[in-house]
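First the structure, which I've put down as structure tokens, then a few questions once you've had a look.
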């Protein structure tokens, strides 16, 4: 794919790069990923399903096919009774994911990005050497499969993120790094600005946040990162890939703490109009790598592409089946639905939950457990009945 | 597929038959169906996307692959500027949909059902002969493609539904018929009980409701249908395929009237736990054909199969990637999420909307326009600017 | 007070008669009535507090001073450990209440109405003779104190209401009768229409509903009463005195079943604008005796008087301190509050609850216990610990 | 009243001093105060109404009768068409208010506090000399009427509050000072901690906040004040008198900015249980002067007294008519209401709003207008039509 412009060439030229959406959540709903372990063995078990989701994001406008390798480190694949690694090696999963991503990327104007994320080993107090070895294992696959660039994403601790960036930099490929933190900073209270600075210093050319918080919160954090970089007089490209769930009520650790995580988040799903607002604000903030994370379905990605079509000069293929700002509703049979074929209508609408017996916000269920705590330790065996009982007792229902 | 038990044999034996979910809404989000016309030309344009969705439903536990032929009548394909029919004939769409459904059905224990739905022609006051001719066109494809049975679904007027059943019966195949009505009955105020009786008398072996209302409302309507049949001493199998959106605030015409239709329904999406409750209640009511309509994603269908696993004796393939009642969460890294690996937790949870600036219910936006009204007339040409302006003026923002 | 026009003369002339608001709830908040027994001994213990509330309603526009004799029957005063009767006789309470009502009524254009309400004796299966004897005791005071007319209010069973009307009619005074029922009718499912007919046949000249439901529901019930009277070709004046609490989620027995009753109803309190809407709708329905019950504070009554000022030709005294439709806000210091000095602003406003962790509706906590049940039996002694434990066990928290 | 312990003697001894509730809001609902100007001429016009409210607070447990002199400065009495001063002099209003407060205080164990609050003159850029002259006018009445101590309350700018304290100190009486600010500080961004320090340095022996925010926010601000004083090694007594409205959605200027202010705040009214929680938290924070402001009705004050009864050793008189923690419900006729006679029930309850068409939070309507802005200028004449039109145009409905 020699002809394709690289990620940095695009960003340096001021182009908007649209990321993809959330694989684990989308494939969980489709039946191919198990909530709990959230591991990506589907790349081997059901390649057609993973390929189809890639295609949908490509069609929606994504310029990046992230390899479906989230939590594909060996230590995660064999954690807490999730004996995937015993049947399928981590290497196979990573290789299959690269092949699929490349296949679909070639069908359009997309790059392939190999991705690593935080490890149970780090939370279990393993050494820098041990943790870096894990990243290096995945990196081996990425380089042999010739991905276009690399992403270190979903880190709660800047220390581990820096280690990841340092390993990925060994490849010579461009590295992007995003943390799953909010405005309050990382688990050790390192501010977003400071996180950004450290990541760039470690070698990341693109920095930002992904997951854990909704678009509004992520953009708040991005503002702080931007300010931090400016204060340190450091230049870097900005990238944001938020949740597609509204999280006005999260604490420091994001949506994982919400009582609804992960099986009752439906009422929080953002609309395409929420996304258009987000894309515009991200753009205005100077962010040029704009994508999504958990909850982002193809139509959410398309909404980014439609909002920024004036700047980019074109619509994605998926817009063949979508009239911008609801204009397609003028083909609806019912006149009162045709009357909704306009921007003002959807911009003003405050959508009802249809759940009068439910509240609008939840209190986060954070236990304040952090790195090194016994309950966070990696454990190959399944959680025992005994262990579960202890947890149930701790939880107030 | 000579070996497969037919639909009536299954129902007569008291087996639970699990329907599939909503194609137009799911494929709209994936980028293959246009909201507004809602027509199914994707069966020709993107067969891999349609096939994948069929597979996901099969994997989730569906026993029926409904051909993706909703609104595939010739008069709908060329309505209001949706010039699909000029590029792809209705016959091609129907044939392609049959082929895909059959292909996937053969991969498991599923039957193929050919489906017809209400027509713009009926709303435009066309005669019984004209309307029936349209159904007969689709039926021709279904019989040549050897579907296993037929479904007449999504009818707001029992008169048109009866016409459809009468046509479908000409094939000699078993016929199911479901209306998109609520407890208040059809658009002419024919009660659900009376609708059921007329449909069975017209030849339907299976009757019920689909679309337009949430599970709770649909089951209310089913109770009335059941009582109507009992009062008339008529026997028939019962079938229900509701929305996967909460609609406590709908009027007679269902979710189409809600201001959020179709682009801001997200907060109303039901959870898997809502579905398990629904499946149990449907079963207890004596309904044995239990499926879904718009909004139903594969994981919703899987929830039906998991809830009724004790009765059926097996889990669907998709449950390999889903611990019943959240048990898979015992593999989660965070202890407070592992503590959610139990039924009581999810049954008690009232999920927050994450939208404190939004209400919990909406006032339906019903214009009281019914069959024969000028604004409901079929119109081949696109809605004009002039016509849109008139509609905007009628609508209070 | 010979010069004052009587209640029937006013209604016959088509005048609007404005009732008063809720005494037990208002005085509970002021510290003079105990929630639970809800008995009115404050008329003896703190006459100045009762007098002040009467004055506020008079000033707000009330044309009727109801004697503060709700639940002032001897059997209620000594129920379940509320040993009021042992200190102050029921007769004393009733007399004091009459004196206060008369004193304030003379300060303006108001009539005095003696009121009786449902008795524990009826719920305890006492005979017609026994129950009537209780009403007759209160009536004795009312006639000796020369009240202007009588009201039998807050009856859940039309049978007991008819008994009350029959007793009150013995006095020769005009009798009004209101039941605390909703559209579903009385506890024995007698429809509102039938209730109205029976009450008029028993001698009531004015009929309607009070308490238990919000203005919207009460007006629904009134419509049914009106239709019932019309169908029976019976003429009577109509009267309505709803709650000032929103109750969209009540079952048959009204707000008593709501989990929030009686100590967490605050978020349901209606605004003055809700009241203006109610007053207008009541008037349009042909109701001419329009007042309030529990939750109605003086400013709610004033809102009735202000809404109907065009019809009545005058404002109440209390409007000296209230600009109609918020016009007084033009004197506010802050410009953005002055900008709220207009009708459209308040009519459009959907007031937020300020409680994002709370739902918008509750499920009623109805036990289905009715007349004659052991738990409803009158009991002079306080509820025992044992009895409470049994109740706690029945209640799901 | 020589025998009564003074305010500082009480606080120095560690006693809890319970303040009173909100006069202008309570009397507005009763019909004696006009929303908009909010001036207290009722002390002259309707002394019985003011006296009754004082009595209710005394009975509820208040140890302080604040003279009803809020906004009783001459410049406020004649602002924007509120021509009170032309009929009743400010001196008369202040004198009458003192007499009533003293009369009721003598009926129990309460002190009289003369109160001054912020002035239109300050907002109109008048000089320190001019503003102080206004405070001195009110102070003259307070000293001649021999109040027990003085309160400078409801100040948005610490500068003006300091001026007020300096004037009040001239009397030699103890001075308390509370600002109507939130955690973000005063209108000029002076932090709560700094405000507290300046007030004490100016001579206040008691400092804190009142009005504008709900109990939760006020306690947050109090924490900051406490920390500020500790950091400056300054000792002072702490005092808090919050709103009885939930305001999770306020900006810097508090509830005045909420679209619901002042005529649709009902759904935000706090329950007695909210108050008990507040009283406990205030006590735990070390605050010993605990009262309320706008929205506080007598039963809210009683809830403070009941919560702190264990510490104080006695219940207020008003508790004769209130069973602590709902115990009085054991006298209710209905068994399911008797089952609510316990603390756990009410502590767990999340009260529904009964308003499914309303949101749970509002966006503040702050115009960012501050001291010296033309629209804040004092203006004797009524707001003109022209001026109103300009304001309406600025406001987005």
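Should a chain be cited, it is by its letter among A, B, C and D, assigned in written order, with residues numbered from 1 in that chain.
Heads up, the rule we're going with is that a residue touches a chain if its C-beta (ideal position, glycine included) is under 8 Å from a C-beta of that chain, and two chains touch if they have at least 3 such contacts.
Because the structure is predicted, anything quoted here is derived from the model rather than measured.
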| item | value |
| --- | --- |
| Between B-D and B-C, the pair joined by more C-beta contacts | B-D |
| Centroid comparison with subunit B (C-alpha atoms), farthest chain | D |
| Mean-CA-position distance for subunit B and subunit A (Å) | 32 |
| Distance between the centres, which are taken as Cα means, of subunit C and subunit B, whole angstrom | 48 |
| Rounded Å distance between subunit B and subunit D, as computed from the means of their C-alpha atoms | 58 |
| Touching two or more other chains - residue numbers and ranges from subunit B | 249, 350, 356-362 |
| Partner subunit B, residues of subunit C touching it in the complex | 350, 356, 359-361 |
| Parts of subunit D lying in touch with subunit B, wherever the complex brings them together | 249, 356-363 |
| Subunit D residues within the subunit C interface of the complex | 28-37, 48-49, 52, 55-56, 59-60, 79-82, 120, 123, 214, 245-249, 256-273, 297-299, 302, 317-318, 320-323, 326, 328-342, 344-346, 348-362, 365-367, 369, 375-376, 382-383, 387-388, 391-392, 394-395, 397 |
